[in-house]
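Here subunit A shows up in two complexes: once beside subunit B, once beside subunit C.
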Partner chain A sequence: MMNMNWKSMSAFMAVIFGVMAIMPLFVGGSDHLMHILIMCLIWAIVASCWDLIMGFAGIFSFGQVAFFVIGAYASAIFSIQFGINPVAAMFLAGMVAAACGILVGLPCLRLKGAYIALVTFAVHMILEPFLKSGMGRAIGTGGSQGIMTIPPMELFGIVFSADNKIAVFYAALLLAVVCSIIIMLVIRSFWGTAFLAIKDSKDFAASLGVSAFRHKLVVFALTSFLTGLAGAFYGHYVGMLSTRMLGIDLFVMLMIMLVIGGIGKFPGAILGAIITVTANEMLAPLGPYRPLILGAMVVVLVLLLPDGIIGLVRRFIPGKNPADSRSPSG
Partner chain B sequence: MKKFCLITLAIAILFSFAGPVAAADTIKVGVPLAMTGPYTDTGDNYWKGIKMAIDEINASGGLLGKQLETVRFDTQEFAPERVMQGADYLVGNRKVDSVHAGWAGWGQDVRAYGKYTAPFFADDGSQAAVDVFRENPEEYSNIFQLTDTDINQATSMFNVLMALPHEYPNKKVVIINADDSWGMGVGDTLEENFRNEGWDVALREVVPYGTREWRSVMTRIRRIQPAIIHVEIVSAQEVITFFRQFMQRPTNSILSYGYSIVPREVVQTMGKEADGLIGQVPTAMPTPIAPTPEAQAWVERFVELWKHQPQAGSWAAYSGVKAWATAVEAVGDEKDHKAVTDYISTHGYKGETGWWKWDEDNVMRGGGDVPFGHYQVQDGELVTIFTDPPVKPYMDFKFITPRWFK
Partner chain C sequence: MIYEYLDIFISGLTIGSVYALMAVGLTLIYGVSRAFNFAYGSFYSLGGYIAWIFMVAIGLRGGYAMVFALAVPLLMVFGYLTEKAIIAPLRRRSDWEVKVMMITLGLALFMDNGFQVLFGPRMKSLPPIMEGVIVLGEVYITKQDMMIFVLSISGILAFRWILNNTRTGMAVRAVAQNPNGAKIVGIPKDKIFAATFGISTVMVGIGGILLAQKYFVSPMGGWDILVKSWVITAFGGMGSIRGSLYAAFLLGMLEAFVGYWFGMSWVLFALFAVLLATLAIRPQGLMGKWG
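Right after this comes the complex of A and B.
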């Protein structure tokens, strides 16, 4: 299955975000539905970053949720402990997440496949005890109780808090659009070609002067930055943080988003996030049947649509230029 | 055909967003509880009490002539956005007129439900939740806590441990608690109390939910030979595995499970094997013999319905529903949330054991007619041996020295 060309990718994203942009006209009066839409956009950023790093760069990183949480906590701490404006704190938090990404990436990227997965998942695993520890409490994580009061973002007199969901929604939409464009630019640039070359033949790519380590490290930092930014946005929106975000539920949900969207099929991850978050919320009243149905949905989708929802889209809207393929999975 | 499919799909999506339409002659009651994940056990305990109360009200003709309709929401692991989403879904979207929860977010819930007006009953047992309430008591006036805080509960546990008719061989204690807000609150308070009384906290271990391999901890416990071991991790598998591994080579230690005694599976799985364990329940319905005839009748109804003795949370959650229903009857309008809330705050509620009176923080403090209950497993069932405060033996039930003491 080939990947989308530049125009198809842009058109696909324009349709998704265009439809999202008009949704408040229909559901703007419901905080519940607006919250679902906001979470769709936040998780779309995280899932897209994960897709870039795993699906395109071929790095089996399982640390995405950890970088999300690092960004959320860092921004909350900057704004509470140091009184930094939440908007500035968000970008600083993105930098902290990027720095953590580089720190993890430096040893990690010298490893291969499953070992990278193990090390990055270890980061996920140690983050919770750290945040709850005395050291965590000393820097303002709130320990086991978490952080109960995080100031909302405020720009041009508009407060982006949970009480003003339409404003938060459009801010999240803007953030998601910007992050998606950045990811698309990376995929369609020299970097995307470099990743493809590295995946096809690392030695041949090296002979052409493509440094796998350098390219992967930069993409690790970039995705960590964007994911941290999304986490920071989440923290200021919800106004509370706890280590329960590191539960296995969220991790699995993100994996489902990728599977539904299609791994390495950007912008499928955006659609995967929207479908997964919406399905998860709609199934919530079913209690224990929710994970069962979600699990069954994944099994069916993997069997019927191995390329995710993007595969289905491609069946109905075939690409005009099949040669223009940059799918890492070929 | 394609057009037909597309139109059908569009209609289905529109309907799914619109949400179900409620019958006009029902009153909707929101029930956000953990239905999946590690807190399912406790969620189930609360649900039994809530369902019992709602079924009773419906069977007696409903509330203001209307049947109660429950709307459930799975709070999973209480991630911040899940707690917020629960409030937005139940109160914002489904327009419920009261919300009955159990463990609900330890403060996150106060913010999430406090922005609405519908009365909200939680069993957080958390000082953090009270602290959030105190930030804006007026805005959060619809929030009612069904139990006292972790700090006061742990203090009660300590007081009863000190009052046990038992001669401790030394002043060494081991405290093992879960790494969540509840576990840390209890663990920290106990540690402080023991130290203040001159005890040596020989081991303090903080463990995550899911810990089932205790052998390294047991090795240290056997070396320490503590007089008391307190375990605070409210999940059946963890505490059952702890007990079984402890029993392979037991020390002469009182095994105190605090609130961890409450998942029904603990006594249901181990039966008489668990004899000797002690634990604590806030907002307790003392069993096997209740303190009043009304309370005894309630226990019997519960046992008939669920086929076992009531667990922690069941009676608290039941009473929350009944307190709200009593207030609605008095006010005469379930939609007048402010009047209902004011009624509960000022009048309280007369339950099976006596009066429920919430304090100025809307917390049901332990004591009076609704004390902390302290239990021991005897003959495979939980038996109340003390109530607190003040610490006093309950009826004729006696503490029995555990069988593993040599």
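Right after this comes the complex of A and C.
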């Protein structure tokens, strides 16, 4: 697998996040556009986590949206039912998501890809009935109504609520940058190398003392934590949650982000998230036809964009450093 | 009391037989080509809608016999072409397995929303395949249940016969055992993959036609079926047809009894618990060949 080196990865990320950082100067007046930008950043985190799991660690996890929703609900419940400060609740929620990740990972990470996909997808499928059930209501999920009044985060006297989108945007940007750096460090560290070795030859890697299971479990827990954190952030930002997030269309949208960004082409997923969220907003007037088009898009994109945008650029620009060569337009 | 349990037992037997048919179709496609079909549930709904179109919308003469006569070739062609169009092109790549999961998930979203646009979000009901009940002392068996059971079991037996006695069936088994070896002796591997996909589409589609009379057809109704078929397949053992059969009946019973004692909303949790326990204790399932 061809990975980007450290430098081009950082440059790519610096350009994307740099451009994002100055966007409020141009669109700061529009609440709707700021909301789209915030969602771009939140989904960039989730898509990057998924890419780390699927593209680099080779784990076919289909539970990313489930962990996002677990984090969102957990944080909302902590802050409403137990009166915990939202910032602390977010971290606790990340821990809950990580614990769920470990619980799910323990029985299935030793097995073949299809089993992992099955188990993680089953988690996604049973989460909705669980949140709506009497059990869910007992812990404060609000049943089919969902949770309506989630308190916003508050730090240094700034309230990060939907009324103050600029503040939320920069908080999201900070979170996205931190998460991206963590993911990059994992990819470029011993861990990334270990995963490459496991992918190339599992037995040889094992003979060198690389435990595939342990590595996979830790990465699974880490990405579940970050995804849960992103979900918690989302919950405190929009102020309400419902099980509608568990619909297949959102899941498929996340998949489109990864396909556009390229699986295993890490900073690509960030770009994929930004493109997908924006495109999805443009599809909004189509109403009931939107999920239909999303589904068709996956089929077409998987066939036509095998390596995502980065792969496409690399094919047409035979430079050594595709990230740099495309950055002026980034 | 005992008769009540007998009723539930019969209900479990009926559902179990249809689940068996669908799980065998799923284990077949995974066993032969290692393709993980996320649109399996949508193919189930497709079967239900085909039956609805013929039975209710058009009001075809000849009833269900005619529906089956038309639906089987239709589903076969649909499955064959789907494989050729979206799965075969992916096979050349090293990461095709995950790409297949993604593309079939996209297909599922497309089909489900297509159903919704074409037929509306409301559930469609179908007339029963056979009216009337059989009375055995205190136990009532509807002829519909009996017919569903008989048809799904004959479906599985027919499939077994095809697999063991026809050239295509033998080629399918050869490809499942050793794709490269099969290719060396001149078996057209790609055609077999597509044909297998077609056969599995037929099996789940028939499942859809049979269960639609009991549980209605709805655009998003297939997701339950996908998860249940996968749990049965994992529990019975990936690639083992006999394992899938036993697992389908066991889990059909589980569903009937859990539904009766605790309510239908608990069925999915129970199945999920079975799945996790199976994978933790015996990952290859009851009698799996591929661990």
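Here is the rule we use: the second predicted complex is superposed on the first by the 292 of 330 C-alpha atoms of A that agree within 3 Å, B and C clash if a C-alpha of one lies under 4 Å from a C-alpha of the other, contacts with A are read in each partner's own complex, and residues count from 1 in each chain.
By our rule, contacts are C-beta pairs under 8 Å (C-beta built on N, C-alpha and C of every residue); 3 or more make two chains touch, one makes a residue touch a chain.
Computed from a predicted structure; not experimentally measured.
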{"item": "Partner chain(s) touched by A:Met282 [first = subunit B, second = subunit C, both, neither]", "value": "first"}
{"item": "Touched partner set for A:Pro129, first subunit B, second subunit C, both or neither", "value": "both"}
{"item": "First (subunit B), second (subunit C), both or neither touched by A:Pro291", "value": "both"}
{"item": "Touching partner for A:Arg214 - first (subunit B), second (subunit C), both, neither", "value": "neither"}
{"item": "Partner chain in contact with A:Leu250 - subunit B first, subunit C second, else both or neither", "value": "first"}
{"item": "Partner chain in contact with A:Gly143 - subunit B first, subunit C second, else both or neither", "value": "first"}
{"item": "Touching partner for A:Lys202 - first (subunit B), second (subunit C), both, neither", "value": "neither"}
{"item": "Partner chain(s) touched by A:Ala162 [first = subunit B, second = subunit C, both, neither]", "value": "first"}
{"item": "Touching partner for A:Val259 - first (subunit B), second (subunit C), both, neither", "value": "second"}
{"item": "Doubly contacted subunit A residues - partners subunit C and subunit B", "value": "129, 249, 288, 291"}
{"item": "Interfacial residue positions of subunit B with respect to subunit A in the complex", "value": "16-17, 35-37, 40, 71-74, 76-81, 83-85, 88-89, 92-93, 106-108, 111, 115, 128, 131-132, 135, 179-181, 183-184, 206, 208"}
{"item": "Of all residues in subunit A, those that touch subunit B in their complex", "value": "26-27, 30-33, 35-36, 39, 128-129, 132, 143-146, 148-149, 162-163, 234, 238-242, 244-245, 247, 249-250, 281-282, 284-288, 290-291"}
{"item": "In the complex, subunit C residues that touch subunit A", "value": "30, 34, 36, 38, 86, 89-90, 93, 95, 97-99, 101-103, 105-114, 116-117, 223, 227, 230-231, 234, 238, 265, 268-269, 272, 275-276, 279-280, 283, 290-291"}
{"item": "Residues of subunit A that touch subunit C when the two form their complex", "value": "54, 60, 62, 106-108, 110-115, 117-119, 121-123, 125-126, 129-130, 133, 248-249, 251-252, 255, 258-259, 263-264, 288-289, 291-292, 294-299, 302-303, 306"}
